[in-house]
Amino acid sequence: MASILHFRKGKPGASPGVEYDEIQKLPSGTSHVYVSCIDYSPDQVQIRDVDDLDDFLAHHRPEWSAVRWINVDGLTDMKVIHSLAAKYQLHPLAIEDVIRIPERPKVESIGGPESELQARLFIIARMLQINEGKLENEQISIFLGHKTVLTFQESHGDVWDPIRQRLQTKGSRLRANDASFLVYALLDAIVDHCFPILEYYGDRLEEIEDLVLASPQRTTISVIHRIKRELLLLRRAAWPMREVISILHREQHECMSEVTRVYMRDIYDHIVQIIDIIETYRELANDLTETYMSSMSNRMNEIIKVLTVISTIFIPLTFLAGVYGMNFHHFPEIDKVWGYPAFWGVCIVLSGGMLLLFHRRGWL
Amino acid sequence: MASILHFRKGKPGASPGVEYDEIQKLPSGTSHVYVSCIDYSPDQVQIRDVDDLDDFLAHHRPEWSAVRWINVDGLTDMKVIHSLAAKYQLHPLAIEDVIRIPERPKVESIGGPESELQARLFIIARMLQINEGKLENEQISIFLGHKTVLTFQESHGDVWDPIRQRLQTKGSRLRANDASFLVYALLDAIVDHCFPILEYYGDRLEEIEDLVLASPQRTTISVIHRIKRELLLLRRAAWPMREVISILHREQHECMSEVTRVYMRDIYDHIVQIIDIIETYRELANDLTETYMSSMSNRMNEIIKVLTVISTIFIPLTFLAGVYGMNFHHFPEIDKVWGYPAFWGVCIVLSGGMLLLFHRRGWL
Amino acid sequence: MASILHFRKGKPGASPGVEYDEIQKLPSGTSHVYVSCIDYSPDQVQIRDVDDLDDFLAHHRPEWSAVRWINVDGLTDMKVIHSLAAKYQLHPLAIEDVIRIPERPKVESIGGPESELQARLFIIARMLQINEGKLENEQISIFLGHKTVLTFQESHGDVWDPIRQRLQTKGSRLRANDASFLVYALLDAIVDHCFPILEYYGDRLEEIEDLVLASPQRTTISVIHRIKRELLLLRRAAWPMREVISILHREQHECMSEVTRVYMRDIYDHIVQIIDIIETYRELANDLTETYMSSMSNRMNEIIKVLTVISTIFIPLTFLAGVYGMNFHHFPEIDKVWGYPAFWGVCIVLSGGMLLLFHRRGWL
Amino acid sequence: MASILHFRKGKPGASPGVEYDEIQKLPSGTSHVYVSCIDYSPDQVQIRDVDDLDDFLAHHRPEWSAVRWINVDGLTDMKVIHSLAAKYQLHPLAIEDVIRIPERPKVESIGGPESELQARLFIIARMLQINEGKLENEQISIFLGHKTVLTFQESHGDVWDPIRQRLQTKGSRLRANDASFLVYALLDAIVDHCFPILEYYGDRLEEIEDLVLASPQRTTISVIHRIKRELLLLRRAAWPMREVISILHREQHECMSEVTRVYMRDIYDHIVQIIDIIETYRELANDLTETYMSSMSNRMNEIIKVLTVISTIFIPLTFLAGVYGMNFHHFPEIDKVWGYPAFWGVCIVLSGGMLLLFHRRGWL
Amino acid sequence: MASILHFRKGKPGASPGVEYDEIQKLPSGTSHVYVSCIDYSPDQVQIRDVDDLDDFLAHHRPEWSAVRWINVDGLTDMKVIHSLAAKYQLHPLAIEDVIRIPERPKVESIGGPESELQARLFIIARMLQINEGKLENEQISIFLGHKTVLTFQESHGDVWDPIRQRLQTKGSRLRANDASFLVYALLDAIVDHCFPILEYYGDRLEEIEDLVLASPQRTTISVIHRIKRELLLLRRAAWPMREVISILHREQHECMSEVTRVYMRDIYDHIVQIIDIIETYRELANDLTETYMSSMSNRMNEIIKVLTVISTIFIPLTFLAGVYGMNFHHFPEIDKVWGYPAFWGVCIVLSGGMLLLFHRRGWL
């Protein structure tokens, strides 16, 4: 449940935004932070793992580089964040959003002609993955400048390997386009990665449906409950993503090329379809709960009914046996020769009659 | 459930859109793809099955042809798609939508005066059919140019035979109008085909309603569940279709004649009515679930009640019989002559009294 | 259920709209179609039953006639519809809507200055009536011209007799106004006729409420179910009517006088109130289902509880009687003089104690 | 339920609106109608009960009078309504709304520069009161002119006594302002009077909550049902009132001073808060139903469980006693000295074992 | 429940707004009211507890003071409110909102160039705190002028201590900015304080979820009910706050600097996220109720099933024992040597058979 119910926000009442000099004062975590840099142009590409960030930032990018993409895996090393923030003049509020996770997916235009800061698009997205049957989600923060893309991930491991491959392929559309097209590709990968997740849930819903209709178990309800909860999380991630993509598609921005905006429409269609499927799954899951409850109740009632019928047939017979076990001295039937066979006769007739009656009424 | 829960999207992170040369590299399926072409003008009509597509595309259309409609049945032969895409300059993103099914119904304007591509309307629709009691759905992709209509279907068999007949009828309004009117007729046939489907579900709901009110069965709940799920699918197909038709009706486009836009209003009315009916059915189905549960529970309770009443009447009598079966040596009533008849008297009075009491309280 | 679940739409894929010459080819029904015509002006009024429609249409209306209202009862005679369609140049799509019922209530502006057709308002409404406890609904199609009103009804019998009377009353506001005011009066009659229907359902809900709270029956659930279904139908008729009236009130049209548009506001208020009441009734009905289920369950539980208490009291006693019915030879209590009275004493104390206990715990 | 489910609308199809001369022909009721008139200016105030209305209307108001407020208690005397309608030129449709109750709360602008009628605001509001535990509601119709306010109430008794007092207080803001400010004060009193009503329902919900959580009764469900129904009525009155106040606040009208429009914002805040509370109460009530059902079911199950456990313990014992009551001649245990004590030993061990088992499984 | 269900509004029908001279006539409470004042500029800061308010207000603020923040803890001393209202010309309607709590969160622009009053923003917010497991909420009223901020709290104790500390820190962004930035910081603290509250509820939901899935108790339902009710309160506080922040972010006002408006966007993101989480929690809580009911019912049914199975096995055996306890004189089996062992054989076979049957059917 952690991913839905927990968050580690800053102390309430703390200063808003994080200034450059404040960043370094924040406590750093222990896990290693990986920084990688890809420079590319239609003709050339260079991929580097950055170990000494300050040294790296001190040098200019190669002249042929049309787009530089710096990716940071892990938010625990405040020095890394400070160096990048200082170099690329990131807005204090944006830095706060990057490090005080989880933030809701959103897009913000920062800086521009009338501001002292350079124009940038700041995008927060949510990357979803299924790991060993568990739904995991990670916050992705993206800064898009004219020729630079900065991405921050919570932890190592992402869904972007196909993009890295395409960047290495000469003549790929990705190489031929500008920085905003890279952002499009990154978002597209994140969004498209939801389809296998949905397929996973689709399969599980189908299994549960078979189970519910054929042989519902006591534990089935908690399985349905868990799927519902995870669909809730998916939905909470998908709706604001839709808004983000819609804004990127509709609104002009100097860092966003016209070509990219047209392609954004494609992601938008996908995210709408994803939401559509999530909502359908949620309705299916709700319906399954209802059907489950009805099935369980029917099953239970069936059992109770049969057992009660058995009891009901024997109770009058037991009474009759009790009667002929009485010790009255003046007991007419008791010494007749036909008494005992007659008793059995009555028993058979009685129980047969009741069975017939119950059967006719459809109780059996 | 397949149709709701499964989809075969491309690999996440893959390049967006499908370029012309990429198409041919995609794996083709084995099933045969049928291509047919109809040329018509108010005066003339020619229907051809196209076997050699490349040869066919190499020739110009006859001069008298006012509208050419090329229909492709099946999406498995990538060479066919490549040839048409190259000939008619289809946009890479549109080709991706055609072959990476299912895509949500949508309409897109592609190209135009300020673009290098020719102006086209690209429409994705969903064709629904009931086949042997199973709801099937198929994606239809339509490209509308000035004088050309391209349609792609997932598989052979469609709802357009009446349109092909009308095209052969001289003087029909269809023949007298332009390409956009053909698209209108195609969409109209798809939408109108939902009415018999709805009637099918209406009939089934009516049957179930009779069943639920008269004699609910254990299995009725899964029948209701299945109908609900299929109504969910219908709904998911109908809502975006409404949007598509609404855009076609409202927005001007150079490939869309004024006359056709007026007629689109007619489809719009139909799709609104369809959605109306679907929502009504969904409410009915939900209500039936509730009524079913209540009916089942009432029926069950009725049975349990009668059985319990029987037990309750016999239990005190059995106790009494037990009493007179005791072996106490000093047992005043046991040797009286009236003892045994009195026992039966007490039994009759007791059970009669209880029956009366239960009857008065309305328990029987 | 017929009225919700069935419809007789044209064949899917058929040609859109119905041309004048196509009308006559459509199969006519056998039931008689009544046509009546009322001409009126502030000074004069003339009411006629039209037997020979062609002869009637061949003559001009009297010169004094300010408004002509032609009402057609029944849609089965295609010749009648053809004659009127030809005479008044009705649009093919409109004719289709008239004869392919049911159509959703709507309003459409046809023709006008820039069109070859004369300006008309085409309105589809739904007339609801309660007949012998059954809710019936009928489609009303209205064509409003400058000086002419055409109305088509599905069958004989309507709610417009008070309007015919008012037309015969000299000096009535209806007589003094134009054709659009007549349409207003017709729609007003249709809408206001919903109030007695709502009152009928209000009464029934009240009866059911008393029943549910006082003595719920097994069959009550199907009564509630039926009311819910009919409220669903009412709602489906009322919502689009609201839209129709709203458009008539807000939008200007050359056939619609300013005075009439002000009066439309009055119908609009009524239809909003009707929707309000329907939604309230639906919530009440839903709440009644819940209360019913809870009542039934409480009632049932009450019975089961009492019966179970009876069993529970007698079961230990029966055991005790069984004990003293055992045939052990060494049985200390069995030959004591106080044995039998002591047995009864124990029985009374045991059952009294249990009753006391159950009473204290509130189980009785 | 009367107030939700019944209404006395005019005959459907009757003439729309009520002309001045028609008013007098309407049947008058028998109950007395009270008319009072208050004239005031910042300096002076005069309160009169009007017995002879025609005589009263024949005289001009005193010259010092800045605002005249005529209040009519009761809608049964058609002569009163006729006289006022004629004197103040009330619109026929407005008169119809006044006398054909209940009408939905609304506000309408009548007349004005381009009309032959004088500009007026016509407001319909709903006054709610709790009388001896019953929620009552009354329609209030208000006509606001430049210097005149007309109010019509269904019956005697209202919530405006504090306003009458404030009018008599020299220097009160009410006296210093114009007619529209009086209307503001009247509406403010009506809206603010909802707060004690809500508090009444708040108290009742709290009582029921305690009941449901501590000791739910069979009758609790009908109490909850009744509260829900009354909250439904409150809601139906509050939502359109919100619309009315919103229009009065936002839209300019020549009878409405700027100062009053600013004050309307205050009522608007209150009515929004009222709706907020009503919706919260409705959710609480729904939740209480659920909690109630669950509590009842838990309580019932608890009882049934204990009773069933008792039966289950005794049934094997009874069987054992039955065994030793059998009359087999060859019965080894029966003549042993230890037979009888051993029987009791087995009984104690058996029942003790079962109790232990049930306890361990948490069934007790 | 108090906080949801109770309020202490003024008498309905009372004069709207509270004039300066009326304030003093209102009854004052007994609890002490704390007034504190903080003056600050980028260079200097002075914090004072104000004991003699009139004396304090009679003096001008120090010349270096850029912003003065006066905070009033407690609304019981009408003299304090009167003095401040008179000094800072607070609008009567605003004063009413301050003292007649609770008011819905809102923001209002008062006065300005065209008014006789000075321009001010009047903001009502709701401060939420968890105190010893109980959710408490307090109304905060804020007046923002050009250089002055007035805040009124219902009672002592707030969430603003971090802000007071930051004001004392030289060079903090708060000190460097204007009065509107202080208001931003105050609102930010209030909104951010919701996160620990949500975390508290998240933890509780998680506990309950574990409980419901593992071992649901009778009392669990009331715990869920209480959480739902408190989430309802949270929601009622959060939604209007969202509106308030949205207005502050979007709309320009002369007291609100551009810088602050940008920062408001940050609070807006937080409040949207809070609402998101609340709605998710509400869905989770609803789902938990359903799962709880299903779990309880399953658990109960399990018990009843086992008990019923036990009864069902013993009832035929008891009947058999009864049979051989009968006293018929002609009783063939009774004097056979194998009679008694045979009886036990039959018993074992019968009960074994039934156990086997029940097991196969999955009833055990």
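Residue numbering begins at 1 within each chain, and the chains themselves are lettered A, B, C, D and E in the order written.
Keep this in mind: a contact is a pair of C-beta atoms (placed from the backbone, for glycine too) under 8 Å apart; a residue touches a chain by one contact, two chains touch by 3 or more.
Predicted, not measured: the structure shown is a model, and the values here were computed from it.
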item: Graph separation of chain C and chain D (steps between touching chains); value: 1
item: Distance from chain C to chain A - Cα centre to Cα centre, in angstrom; value: 43
item: Geometric centre distance via CA averages, chain C-chain B, whole Å; value: 27
item: For chain E, residues contacting two or more additional chains; value: 297, 304, 308, 311, 315, 318, 322, 325-327, 331
item: Direction chain B, origin chain A - full chain order round the ring; value: A, B, C, D, E
item: Interfacial residue positions of chain B with respect to chain A in the complex; value: 1, 4-7, 9-17, 19, 93, 96-97, 103-104, 106, 108, 215, 218, 221-222, 225, 228-229, 232, 236, 289, 292-293, 296-297, 300, 303-304, 307-308, 310-311, 314-315, 317-318, 321-322, 324-327, 331, 334-337, 339-340, 343
item: Chain C to chain D touching residues, read off their complex; value: 159-163, 166, 172-174, 184-185, 188-189, 192-193, 195-196, 198-199, 202-203, 205-206, 209, 213, 262-263, 265-266, 269, 272-273, 276, 280, 283-284, 287-288, 290-291, 294-295, 297-298, 301-302, 304-305, 308-309, 311-312, 315-316, 318-319, 322-323, 325-332, 361-363
